[in-house]
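Next come the structures, one after another.
Shared between the two complexes below is subunit A, which pairs with subunit B and subunit C, respectively.
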Partner chain A sequence: MPKIASKFLLIVVLLLAGSYANAVVTIEIDQGVKRGIPIAIVPFGIPQDIDEGLELDEVIRSDLSRTGRFDVKKVDGFLQTPTKVEDVIFADWRLIGVDYLVIGSIERVDEINSRLETRLFNVFDEKQIFGSQFIVSTSNDRQVMHRIANEVYKRVTGTKSSFHTRIAYSIASVSSENKTEHKLVVADYDGHNATVVLKTDNPILSPSWSPDSEMITYSILEKNQSKVWVQKISSGKRQVVAEFEGQNRSPSWSPDGTRLAFTISRKGNSDIFVLTLATGEIVQLTRDRQIDTEPAWSPDADYIVFTSNRGKGAQIYRVRANENQLVERMTMYGKSNSRASYSPSGEQLILITDQGKGNQVGIFDIESKSITVVSPTSIDDSAVYSPNGDMLMYIVEGRDRHIKILSPDGRVQSRVEFVEGAVKQVAWSSDN
Partner chain B sequence: MKRNLIFIGITIFSLVLLAGCAKDVETVDITTTDSLDPSDGASGDEVSGVSETDDAVQFNIDGDDASGTGASQAVDPLSQRTIYFGYDESVVSEEAQTIIRAHAEVLLENPDANLEIAGHADERGTRDYNLALGDQRAAAVSSFFQEFGVDVSRISATSYGEENPAAIGSDESAWSLNRRVEFDY
Partner chain C sequence: MPDQTHKSFGVKSALLAICVHAAIVLAVGVNIIFDNVLDSDSTSTSVQPIQARAVTEEAINAELELIRQREEQERLRILDQNKQLEQARREQQEAEQKLALIESRREVEEERIQKAEQARQTQEDELRELENVTRQKQENLTAIEKEQSIMQTALKKLEQEKQEREKAAEEIRTQELASKQKQAEELESLHKEKARLKQELAQLEIAKQERLQAEDKRQQEIRKEKERKKAAAKLEEEKKEKERQAAIEREEKERLAAIEKKKRQEREAQDKKRKVEQAKLAELAKAQETERRKEEEIRQRRIAEEQRRNKAISEFSKYIPAIRNKVENEWTVLDVSESFKTTVLVKIDVSGEVMSATVTNSSGSDEFDRSVTIAIRKASPLPIPPDPEFYNYIQEFQFSFSNPSS
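Entry: the complex of A and B
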C-alpha cells in the first residue's frame, strides 16, 4: 500500500476501510430470566480531527455482547461519558447498575499511528483492574479492539474468549458470465477483514482448520472424483492429500495436526478413515454398509464422532481413533442428529438435530445424553463451537442464507457479515 | 502478486496507575493476512472446469412427477430420466424400477452407450450427509441397472448432495423434486 504522507491519512484510510460506516452490529438478545454481568464501555475520547464516526469501542461492545456473559449497557443511558480516569464518577455508574466500566481515549502520534489508552474498572471498589496502551494503525485497529475485549472478558469471567480468532467459510456466487463460482473465504470471527483464499468452479466442502490455524483442509466436489486438499493460508499454496479410489470427503484435522479423519465413499457406501499426513497412509475405522460421514475429533484425540444412518435415520456415533472398530451410538433422541463436533472441554457435542421442528442447532451433553436446542431457526447447518467455547456459529439455510453467532445458551444472536453469495459451511480456527 | 503477511507490532505498555502493579513492556505481534490473491494461489492447479449447473439443466422435470409415486402409469417410462425418493431414503420404488428397466433395455441394444448416474438430496440435513445420501441413491439406481443386465463397467455414478437443486424453495414441493437421481446415456 503506498504511503501517502498526509496529515489526514489515518482518517481517509479508516473511512475507506468501510467497516466503520456501518459499525453498528444488530445483536438480538432474549432477555428472559438470565442476564449477563453488567458492564459499560464508554465511547472512546477521539481528537477533533479524527472522524467521530469511528466507533472502535463498538467492536468491544459487540464482542462482549455476543457471548451472552455480559449485559453490555446502552450508551444513551449513561449519566456521564468520561474518557480520562480523573473524570470517572463511580457513583454514577453504580446508579445505573454497572459492575464494570471501560474507558479509553485516542491520541494522534503521527500520520500513521495513534495511541489508544484503555482502562477497566471495578465499579464497586473503584479500582482499576487493568490498563493498556496500544499503538493503533489503520491496519490493526479492529484486532486491537478484539484484544482489549479478550482482556476484559478474561479479567471479569476468569476464562478465555475467542474474539481474536478467525473463521473460514465456503460460498457460492454467480459470476458476471452467469457461471457459478465457489469461494473459500477467511475472515475475522465477526466477518470483517474477509479475504477470498480460493476460487474454483466446483463446490468447496467441509473446511477444517489445522490446530496452528495456518492451514485449511477441504474437499472439492468434482464430477469424477472428489479429493481432499490442504492449503496454506498465507501463501495460497495447496495440494491434494487424499485421492483414494472413490469420493474423498469431509476432512477434519486431528488436534495434534498430524492426521486427518475423512470419508471415502465407494459404491454408495461411505466409511471413516484416518490419514497420516506425513506418510500418506490410511487406516479404515468404520466398515458399516450404511452412511458413515462427517467425522470430527475429540479434543484428546481418543474418539472420532461421526454421522451414520446404520440405525433408522441419521444419528451420532463415536469410534475409537486408535483401537479400531469399537463403535458406540451417542445420540438416542430426535428424528435425526448429524454433523457433530466437540466442545473445547470435550464434554458436549454441537450438532444439527431434528426434534420435529426442522434442522436446528443442538448441544448434546455426553454424560446425560440430553440434547438442548439452542437456535431460533429451523433450516440450520454447519454448527461449530468457538475455540474457547464462548460462542457458537452456524449457517441458516433457505432463501436468506447467512452466518449466525449464538451465545452458548442461544440467548444472544447476531449475524456475521459475509461476502456476497450463498454461504454453505463455516469452520472456526483454533485459538492460535 | 501475492502479498505476504504483514506483521504489525503492537506495543503494549501496561499502565501503572490506580492498580499500582508495575509491569514490563510487552510486545505482541498481531498477524493479518492482507490481500491474499485467491486466483493467484489457485492458478495452475485449477480444478477441472466441469460446471454442474450445466448437467442439471439437461433434465426437464415435469411437475406432475413430483411425488415419484404420483407419476401417471400412462407416461412412457423412456420419457423419464429422473427417479424420486422419500425423505432420507434410498429405496427405489417399483414404478421407478419400471423406468430403469425400460432404459436398461435401450442400453442393452446400444452397447456403446455409457450410463451416467447422479444422486441428489433436498436441502434438509447437513451438506456432507446429503452427499453420502446422494451416493446411496445413485448406487441404488445403479444396482437396478445392473440387475437388468447393464454391465457395471458402463456405469459411472456420482453424488451432488444438495448442491444442485432441481427446484428452488424451502418447502415440500421443492424438496420432493430435489430428492432424486438423474441419469443420462
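Entry: the complex of A and C
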C-alpha cells in the first residue's frame, strides 16, 4: 500500500515535472531583415617602414561591401583601433552596433615579405571565430586580402564568395595612330591586376571561361567571317575551333569543359550547335528560320538557354543539350529578354530585360517565371553571375562604357576600376 | 497391561500374606493351647492330690486311644507347620517376585521416564525451533535428574521394604524353630504325663473344647485384627504409592509448568518482539504519513506555484509580440537556400537584459546559429512585464528560429 502510494506520488511529480518542462515558453521567429551584417575591419597594424598608403585592409572592406551582405563600418566611426587581441574592448564594438570584428597586424619578415596575422571575432560572445597567418609581398598582397575576405564571408554568411576569381573583358580603344585596337583583358574580379591577353585589329566578342579557368574561348569577327577561338591564358597560345560556313559566334564552354555551344549564322538564319572539342564534331540543336543566338549552359549541362526572335521580339528559350528540337520558351514578360545565363544554383537566369524602361539587368526565376530588375541603370549589357552567386556584373553602356558589380539584391553597386577603353563584353571565371 | 499385572500381583501377594499370617496365628495358637494344658496340668496336680482310683481297662484303653489321637493330631499339626514353613518360603519367593515386579515396574517407570525424556526432547526440539535456548535443556535435564533421584529414593524404599520382609520371614523361622523345640519338649513331657493325663483327658476334653472354641474366636478376632492392620498397611502403602505418583506427577507438572513457563516466556518474548515490530511499523507508517503530507504539501505548493507561473506566463505572453518584433528587427537573415532551424535558451535578468543565449538545438550551421544568438543579444533588453513578481517564471524561455520561407 505505501508502495502504491509512493508510486502514485511519483507519477504526480512526474506529471508536474512534465507539465513544467512542456511549459517553457517558446517564441517562434521566422522573419528577419535582409541587410548587411555589421562588421568592422580595423586597419591592420603596420610597421612604420611599410608604405602607409597600402591599406590592405581596405581590400577586405571593399570585397565584403560589394556583395551587399555586409554593412562594413567606416573606420572613422571606430572607438578604438586594436591590432592585438588583448587590446580589443568588445563593449566598444557592440556600442557602435558591430556584430563581427576583424583585426590584423603585419610584421616585416624581410625586404620583400611580411607576415600578416588576422582574426575574426564575434563581438557578442567575445570569441574568436578564426585566425590566420599569411606571408605577403607586393606581388600577392591583394590576393591574400581576397582570401581573407573569402574566409570572413564564409564564416559569417555560411556561403562561398568569389573574391579570388577573375574576369575577362574585351575592350575597344583608339590607338595613338588613331586606329581602333581590340583587346582581351584578364583581371582580378575587382579590376586590379589587369593583363591584356590578346590584342587584335578585329572585334573580340563573347569571351567565355573554361571550367578550370585556364582557357578562354571567344569569337573574332574577321572581314566577312567570324571564327571561334580557344586560348590558353597562361601561355597566350590560341587556336580556331570553329570556322564553319557562315558566322561562328557566341561560344559558351560546357560545365564539363569538353564541348562548346555556339551559333552558326547563314543568310540571316542563326542556329545553336554544340561542338565537341576533342573531335571537332558538331551537333545542331535548333532548326528555326529565325535567329537563335547567345547560348549558355545550365550548371548540370542538361539545358542550353538562348535568345530567339522566333516569337514576338527577343525572348529566352531553352533546348535540351543532348536532344534536338525540344525547345521551350522561358521568358513570357517584357518587351524583350536577351543574353541570359544561369546562376550557379541553376535556379535563376540573369539577363538583359526591357520592361519598358530600356535595357536593364533582370533576374529571371525559372520556377516562378518572374523577372526581378536589379540594376538601377537602363543602358545595360552583358550581365553575368559571379561563380558563387555572391555578386553580379554587367556593363553600363553609353558614352562611358564601364563594368559594374552589383550585389544580387541590387542594393550595392560598384564600378570595376582600371578598365581602359570601351568595354564590350565581360565574362566571369569559374570558382577555380 | 502393567496395571493388570500389577493388580494380579497385588491379589496374589494379598492371598500370600493372608496365608502367612494364618500360619503364624495357628502356630501361636498351638503354643498357647499347650501352655494352658501344661498350666492346668500343674495346677490340677498341685490342687488335686493323687487319689487312688479304680480305673478300668477299658477306660485306660480309651484314654490311650485319646492320647494316640492327640499324638496323631500333634503330628498333623507339625506337618501343618512344615507346610506353613513351606508357605513362608514361598511367600519369600513371592516377595522376591514382587521385588522383581517392582523392578519391572521400575523399568516401566524408566520407560515412562524415557518417554518423558523423548517428550522432553520433542519439547526441546520445539523449543530449539523457536529459539535455540540451551538453558531450557539444562533445566529439563536437572528436572529429569531430580526425577531420577526421586526414583532412586523410591527404589531405596522398596529395598528397605524387601529387607523388612526378609527380617519378618527370619523372625517367623526362628519362632518356628523355637516352637519345634518346645514341641519336642512338650512331646517328651506329654509322654511323661501321658499316663497322668489319660485320666483327666475326658474331663479336660470338655474344658479343652470350650477353650478351643474361645481360642478360635480369639484367633478369628486376631485374624480380623491382622487383616484390618494389613488392610491399613496396604492402604498406607497405596497412599504412599499415590503420594509417590503424585510426587512424580507434581514433578512432571512442574517440569511441564517449567516448559510452559519457558513457552510463555518465549511467547512473551515473541509478543514483545511483535510489539516492537508493530511499533516500528507504526513508526514507519507515521513517517510515511509525514512524507505523504510533506509531498502533498509540496504538491499543493506546486499547484500554487503552477498557478502563479501560469499567471506570469499569461502576462508574459502579452509581451511576446513585442519581443518577437524586437528580435526580428535585429535578426539579419542569411541568404541560404537550405532550411535551418535553431532553438536557443535565453536567460534574462529582472530588467529583461539577456544574460545568456545558448543554442540548445543547433541548425547544423554555425553561421545560422550565430546569426540567431547575435540577434537575441542585440535585441536585449527584451520587453518583459515590469512586475518583478513574474520574473521567476519568465527568466528562462526559448526562441525557435527558422529561416524565412522565400
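The rule is simple: the second predicted complex is superposed on the first by the 396 of 432 C-alpha atoms of A that agree within 3 Å, B and C clash if a C-alpha of one lies under 4 Å from a C-alpha of the other, contacts with A are read in each partner's own complex, and residues count from 1 in each chain.
Basically, contacts are C-beta pairs under 8 Å (C-beta built on N, C-alpha and C of every residue); 3 or more make two chains touch, one makes a residue touch a chain.
Quick caveat, the model's predicted, so the values are computed rather than measured.
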item	value
Superposed model, subunit A: greater residue contact from subunit B or subunit C	B
Touching partner for A:G158 - first (subunit B), second (subunit C), both, neither	second
First (subunit B), second (subunit C), both or neither touched by A:G358	first
First (subunit B), second (subunit C), both or neither touched by A:G36	second
Partner chain in contact with A:F124 - subunit B first, subunit C second, else both or neither	second
Which of subunit B and subunit C A:K74 touches, first, second, both or neither	neither
Which of subunit B and subunit C A:G236 touches, first, second, both or neither	first
Intersection of the subunit A residues that touch subunit B with those that touch subunit C	129
Residues of subunit A touching subunit B in the complex	85, 117, 119, 121, 127-137, 139-140, 143-144, 147, 179-180, 183-184, 186, 193, 195-203, 205-206, 220-224, 231, 233-238, 247, 249-250, 263, 265, 267-270, 290-294, 307, 309, 313-314, 336, 338-339, 352, 358-359, 379, 381-382, 397-399, 424-425
Footprint of subunit A on subunit B - complex, ascending	2, 4-6, 8, 10-19, 28, 30, 32-42, 45-53, 55, 88, 90, 123-129, 131-133, 135-140, 142, 156-161, 163, 170
Parts of subunit A lying in touch with subunit C, wherever the complex brings them together	2, 5-6, 9, 12-13, 16, 19-20, 23-38, 69, 97, 99, 122, 124-125, 129, 155-159, 345, 408
List of subunit C residues in touch with subunit A within their complex	285, 288, 292, 295, 299, 302, 306, 309, 313, 316-317, 320, 323-324, 327-337, 343, 365-368, 370-375, 377-378, 394, 396-405
